[in-house]
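Two complexes, one shared chain (chain A), two partners (chain B, chain C).
And then the complex of A and B:
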């Protein structure tokens, strides 16, 4: 009897928790979409922020472009390092101990809080290297943030490549470089790009690292790498935190979420393409 | 010619790897360098055990004990709320659902993990904080509890994905035996799957703790940012929000400025420790 009661309590717990999960997801998206929809129009998407205090009227176009540019720079910076590190650990590292150390360091990097990365970017890039609050400083800081994420996943993708393909290539006397570039990377291309895209989404949504390194309350669409930028998450924070305009913050949140959903969707499509191939 | 290309490539790969690993050391060194100046003025023990944070007063008034407590408190509340929901959903996901449904839910969880923290903070401020103020007529809805609830939603994806991965393995391993013995599914999950995946649950908790303690924007918007001893329904302050809020105001080179770096340094050390622990837990799961 008591087993039966335990069993039903257990089942109730499972149902409740799944239900709560779904309610949370539906509520968050419902809330943003329902409230944000009214403040979206062409002027909001393609206009500059106006009004007094700034942002209470007008649009968020510079912030959209700024966020996208930050994302692109972060992705380029992070993926060069991450893919190299992954190739090193999978194909070049023969000592188990070194591999373990690399993994430990990357795990630790993933754990450094984004605000500390912001502090780091601020001292090294903004102060010492004199890059100033700029697109470049912010992009690199965000790149450091998403580097561990990309590295871990790319390494996993590379390890999942069929060992026999690699062995046969070596057996034919094909060099390592040729094998990597002509055989392995083309095979994993869409998976790797899918990972980078997803990581780009994270970079775009992060506000803490760019508060100190890149974002400003107002800047036109950036002309060069050294100009300061507006970014959607920071803009949303300012609008809400300073209580400038509720309507505009709903709109900004919606645009941010929609762009991230599109990025997620693209990443999912790329991931699926590979599965159809197999 | 071929050999030269090979050599160049392997050198470049090694250099880039070295560079990416050095970034972590750079981060530690730079943050330490800036906080070292502070620790020469204020002893580190005093800094982490003293109870007042008053950047405009004399150096002895700069200490972050309540803020460290606040950081831990908010994350613990978050884990306390998220753990039952997360483990429950992970069990359903890994034991009760078909492949297709699983893929959809995974997608939804990925999206949940991808929602920027500012958006969480925004919703938290407009919904949670307001709810506390209107329904329970708190003097201020900004509280440890609001931060904890928000954190719990943000760490749910991490707990679910860590747990469900390992639970799936255990389930596949034992399902045939237990069904051959005529044991009911829920009994099997209770007696085998959950005990067997307790390390994964622990890993999920530690990962979530790290995420929660490092979380900046969402928490900052709902906890009220008052550097006092944290109480469940009162305002508090966490280290990340302290840095994000006051960095812009602090004069470069002042003690306040270096004090913020020092608190960042303390936070980083705590999180590095958490992640080293996490690394070893994960390793023990794989073996």
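And then the complex of A and C:
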């Protein structure tokens, strides 16, 4: 009897936790939607910040484009490194010790606070390599931030490929490189892209790494990789922090969240496509 | 003619020895069965012949001569092209049937669509899969039945035109009808290929093979013509196994 009570208490506890989480999420979305919805119009999405102080009127278009560009650069930079590292650890690294060291380094990287990464990007990229506060500096810094995330997941995806398929490929006398590029990566393609998209969303929402490396208050749409940019999280931070316009902050937040939702949705669709395939 | 000459072959994983001092000559264009209880090293023997053992972290000593040349003097990829293997569990690539069969030819530089098509047709016909599949070659190989998948794997092994085909209990997961299909196919193959088949099924060995080798605990106990061996085993252990005393 007491086991039965324990069981039901546990069940109630789990249900309540899920419910609380659900309520929090709905509340956040609802709250931002309610407060931000009034600011959303075509001018807000496609216009430049205007007014005195700047940002109290007008739109967030440069920040939207800036955020998207930062995300793309971060994703390209991080995924090239992360996929290569994952392929190395899964298919080429025969020494367990080296593999463990690689994993340790990646775990340490994942633990670095994002503002510290920002500082690192500032000293190395902005100052030492003279890239300036730019799209490129910020993109790379964000790339470093999401690298561990992508690497860990891609490594897991690669390890889950059926060993017998890989063996069958080697048994045909086919080289490792061909097996990786023509068999394994095509098989994992949608899972990997889904991972990168999710990581891109994560990069897009981060403000700390770009404060010192890329963002300049109310910068226009960047013309080149070396131009400074504005990004949605930083825009939000300035609007609220400087007390410019709370209403526009909510509008910015809403746009950011909607973009992130779209990104997550795409990522989810890609994941589902993979499952259908099998 | 002996296409494979194996002398004093010992195979192991680390310190663990699986095969001990095995010597055997395999005749060209004949079917050789390898029989023996589970865990006697039959599969290990097979995977050693095309160096797949190295992918699993095993190592071997002794000599394997393929057409009188040590297999270690070939490039690993070349030896695997010449000595194809089909595993116990069917493992088609999760692509279309067509792509399964053009995967390896493309690697060996065949780009011409017509040539690829003819390889697909030829190997499907050889594997007896042509009539069931030729209407929809773009169908995912995963949608085939178990027996069809195994025949596809055999077809895939044939796409690189091997000289020897190794089969590791290819019928263990199949029903009687599919087994009969595969056996018939193997009998047809022996004109063009040398076949070494590991099997649990003694009557299968009896039905299809010209030669049979009996292994026990990593050793080759007896090797000879199939009829001779089943009717008149020389070793007491072979006799006991054939009569069903070992698992």
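Some notes on this structure:
Operating definition for what follows: the second predicted complex is superposed on the first by the 262 of 278 C-alpha atoms of A that agree within 3 Å, B and C clash if a C-alpha of one lies under 4 Å from a C-alpha of the other, contacts with A are read in each partner's own complex, and residues count from 1 in each chain.
Everything below uses one rule, namely that contacts are C-beta pairs under 8 Å (C-beta built on N, C-alpha and C of every residue); 3 or more make two chains touch, one makes a residue touch a chain.
Being a predicted model, the structure only gives us computed values, none of them experimental.
On the superposed chain A, the positions of chain B and chain C stay apart, so the two partners fit side by side. With both structures placed on the common chain, the touch criterion links A:92 to chain B but leaves chain C unconnected.
By the touch criterion defined above, A:105 reaches chain B but does not reach chain C. Legend: residue contacts after superposition of the two complexes on their common chain; A:17 is shown touching chain B, with no touch to chain C. In the superposition on chain A, contact of A:129 is made with neither chain B nor chain C. Residue contacts after overlaying the shared chain place A:6 against chain B, while chain C stays out of touching range. With both structures placed on the common chain, the touch criterion links A:262 to neither chain B nor chain C.
In the superposition on chain A, contact of A:45 is made with neither chain B nor chain C.
Partner contacting the larger number of chain A residues, of chain B and chain C: B. When the two structures are aligned on the shared chain, A:171 is found in touch with chain C, with no touch to chain B.
Contacts of A:80 after superposition: chain B is touched, whereas chain C is not reached.
Superposition on chain A leaves chain B and chain C with their closest Cα atoms 10 Å from each other. Residues 175 of chain A are contacted both by chain B in one complex and by chain C in the other. For chain B in complex with chain A, the residues that touch the partner chain are 2, 5-6, 9-10, 12-14, 16-17, 19-21, 23-24, 26-27, 30-31, 33-34, 84-89, 91-93, 96, 107-108, 110-112, 114-119, 121-123, 125-127, 153, 156, 160, 184, 186-187, 189-190, 210, 213-217, 221, 240, 243-244, 247-248, 252, 260-261, 264, 267-268, 271-272, 274-276, 278-279.
Across the complex, chain B is touched by residues 3, 6-7, 10-11, 13-18, 20-21, 24-25, 28, 31-32, 80-82, 84-85, 87-89, 92, 102-120, 122-124, 127, 144, 147, 151, 175-177, 198, 201-202, 204-208, 211-212, 233-234, 236-237, 240-241, 246, 249, 253, 256-257, 260-261, 264, 268 of chain A.
Taken in their complex, chain C has these residues touching chain A: 50, 52, 55, 76-82, 84-85, 87, 89, 91, 93-95, 103-104, 106-107, 140, 142, 153, 156-157, 159-160. By the touch criterion stated above, chain A contacts chain C in their complex at residues 162, 164-165, 167-175, 178, 182-183, 186-187, 277-278.
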